[in-house]
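Structure below; questions to follow.
When the chains are written out, they are named A, B and C in that same order, and each has its own residue count from 1.
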């Protein structure tokens, strides 16, 4: 079980506490939908264009349409500059992020067309793909794309033997004991897992617990996302 | 009931409710599949989108731009993912097949009506009065979801704008609006009025607000 | 969608009457906001909005060997990405010619004005100097990305601190900074782009105005001294028109500096 009192996290958080989150939609005017999402110092923005014509034509999926996800990090989002342009890491994250969101997007309503999701990380303090997915889900909803549900994403970590929620960079680099295990997870609003990855060393019993911790955290994230969407409209009720 | 809902959110629960546009029935629940304004009347629950691209419908009057000219018609951009096409046969007079670009060239704007939507795309016509090439004026782009507010119930809102600004205005269902006035000032005034309505589209009693706004602006 | 031709006709017609759609004067900029510290991980960074146009610029530094013809000077490299996130006019893929030109125009403005005191960025002559990387990203494109990028670059540079350098390992300690600011000159260079529409010249075009623009001249200057210039697009200019632009540029610099001074500390 999570020892709430005795384990000290570098920033003083409780073991099951996420960093302060913030979310906002409508941050890129030109886009059909857009949003920003942050976990503490990790800041992601997402913009959605579509559904629109797909080029090149031969890549069109005439049966159900395509969701394209492009993740990139600003060169100065990290302490050691990243050369601009796609990397193997960003391409992989783009693909698993697309898989994380596609199950809830009703792309069968857009045969032959494409919905483009562009995610940029402006400032990085670990959990960037999770912040990106949270921003992307918001941007898709904001763009009026038909979706069965929202998705929410968070990283669960194991620092030595202790499970924690929402890894920061300092925790990603944890060296004591068994070091750090990083488990980013994405879930739908009704608790189905659309994405899970793992880096490190963990026994199945604790892994099951990690997934349950993620479920709780994703519920909190869902509330933040819901609030951002609802508050972007001032109904001006008299 | 009027409330903002998000995808996956349960709007109403109960056997008697029916799933309208923007919703899905899951068991007894009516669930939203869009981010929008949920409304219920006579047990029919629907979600009106607040944002998102234009969804074309047969009979819609739209404003589009000529993208290309083929041997038998014009390829028109009306802001949809599917292409729109105006065939030679849907023009109200005889055009020689070599004279297409004389009537309308690439980059020209037109008001057209959607005749049919099929697997190939969207078929347009300009055979009806009031449709055709736009010679001059201002085109304003708004989100297509706001078009009903600009037009108003039975055209009441658009009439107010036309009267107050003395402009000719045609609103395309795809969110493009054509304004033509006696002076550029009048046209920009009409544009300003339209943007005001877009920004206040949720206000109840918007018609009164708009009348009030015009009074203030004219001072 | 590119601005319809009939709108462009209206823009030209209105300019003949001495007016712009949003009521601005020909030499007036839209509202400008500057926020420094857009990324805490950068040596310096800034988020700039001109009207609805938004860019984020960041400065990163690293050690490198100097170029053989400047053994005692730091190096400068400027890149720009016109992100597809910011407009449906931009595509994914390798840098477009627009983003390359933008980066090079900003590079020339900074380099030729000698704004960064590169000779103060030498650690060991002939062996070790600081590299300055300026990376520009568009967030929303509504005309005049060029000038927004220029303001963002200057704001980010003025806000930049030198990273810690470990003399023993001879390596940069990434993520830790000294209190030493990046050495820059007091006089702030700015790039201002003048657009010709019909017979008139305007600054800070909206996207609609930029689509109606026939040719543009970007001038990098600082308090009356011009150190870089670039004409873009294909319509020719007469000598008199160019004179007019030169005259406009000095006033424009003073105007723009007064608008953004308080944000530049």
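Everything below uses one rule, namely that contacts are C-beta pairs under 8 Å (C-beta built on N, C-alpha and C of every residue); 3 or more make two chains touch, one makes a residue touch a chain.
The shown structure was predicted, so the numbers you read here are calculated from the model rather than taken from an experiment.
Comparing the centres of all chains, each the average of its CA atoms, the largest separation from chain C belongs to B. For the pairs A-C and B-C, the count of C-beta pairs in contact is higher at A-C. Distance between chain centres (mean CA atoms), chain A to chain B: 34 Å. Chain A and chain C, compared by their mean Cα positions, are separated by 32 Å.
With each centre defined as the average position of its C-alpha atoms, the distance from chain B to chain C rounds to 38 Å.
Residues of chain A in contact with two or more other chains: 52. Residue ranges on chain C touching chain B, taken from their complex, read 1, 4-7, 9-10, 13-14, 17, 19, 21. Chain A meets chain C in the complex at residues 27-31, 41, 43, 45-47, 49, 52, 70, 74-81, 84-85, 116, 118-120, 122-124. Residue ranges of chain B in contact with chain A, taken from their complex: 2, 4, 6-9, 22, 24, 33-36, 49-53, 81-83, 145, 200, 202-205.
Within the complex formed with chain C, the residues of chain B that make contact are 65, 77, 79, 107-109, 134-139, 141, 184, 187-188.
Interface residues of chain A, counted against chain B in their complex, comprise 32-33, 50-53, 104, 106, 110, 112-114, 141-150, 188-190, 225-226, 229-230, 233-238.
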